[in-house]
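Two complexes are shown next, each including chain A; its partner changes from chain B in the first to chain C in the second.
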Partner chain A sequence: MLPSATLLGQSVLSGVFAGALYGLLGLGLTLSWGLLRQINLAHFALVFLGAYLTYQLSSVAGVDPLLTLALVAPAFFVLGALLHWLLARFKVSPLNTLLVTFGFTVIIESLIQWIWSADFRRLESHYAGVKWKLGALFVPLPELLTLAIAAGLALSIWAMLRFTDLGRAMRATAEDAPIAAAFGVNEKLLALLLSGLCAALAAVAGACLALSHTLAPSQIYAWIGVVFAVVMIGGLGNPLGPLVAGIAIGVAEALTMAVTSPAWAPLVSFSLLIAVLLIRPDRF
Partner chain B sequence: MRFAVLIAAAAASFAVHAQPAAPLRIGSTLSLTGPLGPTSAIHKVAGDIYIDEVNRRGGLLGRKVEWALKDDQSRPELARTLYEQLVTVDRVDLLNGPYGTASILSAMGVAQRYNKILLHNSFGTPSLARYDLQFPTSGGSGDPENVWPGLVFDALASAPRPPRTIAIVTSKFPSLHFISVGAREAAKKRGLAEVLYLEWEFGNRDFGPIAGRVKDATPDFVWVGATGLDGVLLLDAMKKIEYLPPMHFYMFPAPGPMKKLPEARNALAFTTFEEHPPFTANPRAAEFIQAFHERGAKAGLPDTAVDLQASIAYSTWQVLEAAVNGARSFDDKALAQWLRRNQVDTIMGRLRWEGPFNYVMGQDLYKVKQLQEGKWVVVWPKEFAAPGAKLIAP
Partner chain C sequence: MRLVAAGLALGVVPFLGLAAFYESFLYLIFLWVALATSWNILSGYAGYFSFGHAAFFGAGAYTTAVLAGKLGWPFLWTLPLAAAVPALLGVALGAVIFRVRALRGELFAVLTLAVTFVVATIVLNTPIDGGPGVYLGAVAIPGLAPSPSGTFYLLALALALGTLWIARAIYRSRFGTGLFAIHDDEEVAEVMGVPTYRFKLAAFALSCALAGIAGGIHSVFVSYVTVGETFSGWTALYVILMSALGGTRHWLGPAIGAAAITTLLYVFTTSDYAVAGRAAVGLIFIVVILFLPQGILGKLARR
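And then the complex of A and B:
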């Protein structure tokens, strides 16, 4: 039986929303990988820690889920800067950052489990029930907010990196740190700032995750594969890349699920990644 | 001099006999952390309650009982190592099973190597249990792929207007998938027209397209072969497109989160026990319920109602106690022999093991429950239905 136009349209929309979340999760990761040369696996754990903090502040203290970011994002900025200071202090190599940050991931997962238990947590917010009808299609507010935030942040960071002195300095440092330093760029300070920014982005992604997903500590690992694919396809250090690649993968996965067996969907992201690696190996 | 020696020997002998018997050590793992953590937490509370109870009664054959519990972190390969440790390093007297098919399979291998009896309560693929000294205590049959779909379809047939079309959507999680495949066969035999069959990989994140396809297929009844969170995620996705199936069944959902979802109203699922008569008529069950509410709250369980998981966990300990008392022994082979020849009354019903590889074929203790007004109640078979409850169907 052929899928209906409504099913296809709703699936595309669902894929766009899923892809926006992939992009938002990948934004901090691509910046730390591309500009700091740190493969920060702890980014996923920070996203979930941010989601749980949003859940806690919102469901217990009654704070609006998005307003929790006023508290959580600055705290995560400091946390991210501290994490970078630690890695720099012990001169951890790029490959070893993968191992060290995996260790942090396990620690943060245990911390989450200790505080909130391994059971599922669900944020009941006033955003959850709001949706609009666009013809035959439904547009839920939490997912739409995620898309808007992901697009807004990706564009802002892209503009910052491209048009501001700070952004140019960050790119120059990533390109050739000694030469950038010769021109007066404070590499250490920039790295701390960038690392803090990546962690703050994890907090934002966490808030969006909490708005639309049920939380469990073990879910941290469910996102790693697809987000890594999104970051690599999008290009390391490119803030717009994860969003574009995320939406492409999200839509491809959703259409695969709508047209063929949903069991084929996980193959999509990695098939695309392999294709990109084969066609454009110079990208990495 | 001789008299003094005799006195000393008598005193020594008295001292030896006066020593309390060494505690009986029962070893097991549970997935206290990792994805199976929420369910294992229920099993831990049930086990703790039992150990306290049995020790208050003087233990087993006069020996206090100690539970050597280790965390397998939801990792079957770690479960194997830990069971090996329990037998060779901790030298426990008896083993109890872990939680979940894969970990039980790991533990079964170790138990087989050391000829230890293994009671287990959450093994989803009976055809893989090929060890003489393993005993299922979940109340399930040896052919759940036939019995469970039959049970659900019997329940549906009792509705004023039984469904005529069915959508079967299922996770590829091993112990769920073959039961959903069994449901396809059973549905065909009963004349239910299959309008959709879908499979997804365990860990799927986006249920939007699956919800869309179910909506497009307009089935009278949806069979969801899901465990844990998948059912909740699918319901969430269906809610977003303003769709609710007329009748829907979820194999082993996370009962707590589902209970909180308004869109899960009238959802069906399996159970072995719910907190209403006739289950609560058993005094031991009533005591267990009270203890579980208190201990579960202290342990931070989000839902302290006794249902499938708590009842199978507690029943396992009841079976172990019955076997030890019946055989008057802690010997693994003697316990196994006793179990094969006897039946044990547990809080969820009478268990027996006279079939191939200690399973019973063609029948079990499972029931169908329905989420009615925010509460799970058994609706089928009728003799186990909550007072006044019947299947709500359009």
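And then the complex of A and C:
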């Protein structure tokens, strides 16, 4: 039995929105993995820490959820630069960055649970209730904002990497660090900047997450699998990759859920990830 | 010889009439010793860090859960199949993965993690589980010791010692030397005549089979298995942490790490500081990778 056209349309739309969030979460991850060879699991913990800070500042201090970023994003920039300094100082291999940053993830998770408890938290903002009707379909404002922010950031970072001297220097360093250094690129400073940028992106993703999702510390791990898949399928270091792959996977998952049972949805991203790894391992 | 002596000495514990609490605590230590040591056979010796140990542990657990819990087989008879099913799964995966040269390091890690999710999703959505979990409360527990907890103690002890014996035998054999050569430089190993593909496949199969037996025993111990608990990503991460802490380049390293981490977690979870215990695990992860890359045994051996 096939579901109705409206249900399918709503599924596709919710898939696009889910994919936008995958893409936004994956943006910082793909940059640090592709350009710095650091697989930063702590990115997910930072996203949640950012989301909780947005929740706190917005529901207790009454700041607009998106304005909280003015405070959180610069703070996270510093955290990201510090993390890079630590990983570079100990010359941690890519596999081991996965393990070290997992350690940080667990510590941040414990911190969140200690401050905000393991209970679910929901941010009540003036964005949450706004919904538009587009034909027979409902378009919620928080999700639409997430999509706009994800697309805007992905495009501007793509343009930055492609057209500015700073971006060219970053790509050159990722390609061949000694040669880039010989041409006068300050590799260490660039890496610190990039790592800080990735963490600031985690803050943005966190604010969007807080707008549209209920928060719980254990949810940190729920996102890792699918965002990893999105990042790898999109191509490491490609800022547009996670968004495109995220929307494709989000829609495929939403359709799987509409046609079969929701519990089959994880199979979509992971079988795609396995297929990409087996068929094109040289891409990574 | 020393392993046999240790086995005989530890084997009398269930007959001393201790409280079930001690037997269950030691059971957990032996279980994690078996899991960490089995992981180390491929991942430590050959350097292919698998994040998918939960898939094979879970495949074994569900083999026993279906055979003993749903079809009424006697518990001990299910264990050979709890080893065979994950081993076949491992061989099938390895036969594909180990042919693709680039799939090592972090890519092998991500791939095996994805395999865990795929296996878990399939088990959840098919009659193997179907969603509600499988009860094993009615499974008869063989009377190897005066009490059920004593029986589980003996089973886990036998598995832990058996796994350690296998890990040590490999460590001292040409097979083990070949695996270490793969770890150090796979191209060089191949040139020196190490059959890298067959060695990796054999090590993976053994590693999966032993994890499967551990899963089979544990499913009856907990008497109720769910997909979420059984295929939890934490299993793989704990096993990696234990092995890294003890030292992956020695057969005894993972066992030392397993005993230390299990004890630590037990102390924290039974007191009121479960959250602090988690944070401690995270901190140990960071400290071990940054400051103790060879593990405790590696550090001691270098002196």
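Here is the rule we use: the second predicted complex is superposed on the first by the 280 of 284 C-alpha atoms of A that agree within 3 Å, B and C clash if a C-alpha of one lies under 4 Å from a C-alpha of the other, contacts with A are read in each partner's own complex, and residues count from 1 in each chain.
By our rule, contacts are C-beta pairs under 8 Å (C-beta built on N, C-alpha and C of every residue); 3 or more make two chains touch, one makes a residue touch a chain.
It should be emphasised that the depicted structure is a prediction, and the values quoted were computed from it without experimental measurement.
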Three-chain arrangement built on chain A, chain B and chain C clash or fit
clash
Now for A:Phe102: first (chain B), second (chain C), both, or neither, which partner does it touch?
second
Contacts for A:Ile274 in the overlay, against chain B (first) and chain C (second): which applies, first, second, both or neither?
second
First (chain B), second (chain C), both or neither touched by A:Gln113
both
Return first, second, both or neither, reflecting whether A:Pro266 touches chain B, chain C, both chains, or no partner chain.
both
Is A:Phe138 contacted by the first partner chain B, the second partner chain C, both or neither?
first
Could you look at A:Met232 and tell me whether it touches chain B, chain C, both or neither (first, second, both, neither)?
second
What residues on chain A does chain C touch that chain B touches too?
110, 113, 261, 263, 266
Which of the residues in chain A come into contact with chain B in the complex?
3-4, 6-7, 10-11, 13-15, 17-18, 110, 113, 117-120, 122, 131, 138, 140, 214, 216-218, 222-223, 226, 250, 253-255, 257-258, 261-263, 265-266
Which of the residues in chain C end up touching chain A in this complex?
49, 96-97, 100-103, 105-107, 109-111, 113-115, 117-118, 120-122, 124-125, 131, 233, 237, 240, 244, 275-276, 278-279, 281-286, 289-290, 293
Tell me, which parts of chain A touch chain C in their complex?
39, 86, 90, 92-96, 98-100, 102-107, 109-111, 113-114, 221, 224-225, 228-229, 232, 261, 263-264, 266-267, 270-271, 273-274, 277-278, 281-282, 284
For a test of understanding, state which residues of chain B touch chain A in their complex under the given definition.
33-35, 37-38, 41, 74, 172, 198-201, 203-206, 208-210, 212-213, 215-216, 228-229, 232-233, 236-237, 240-242, 254, 256-257, 260, 300-302
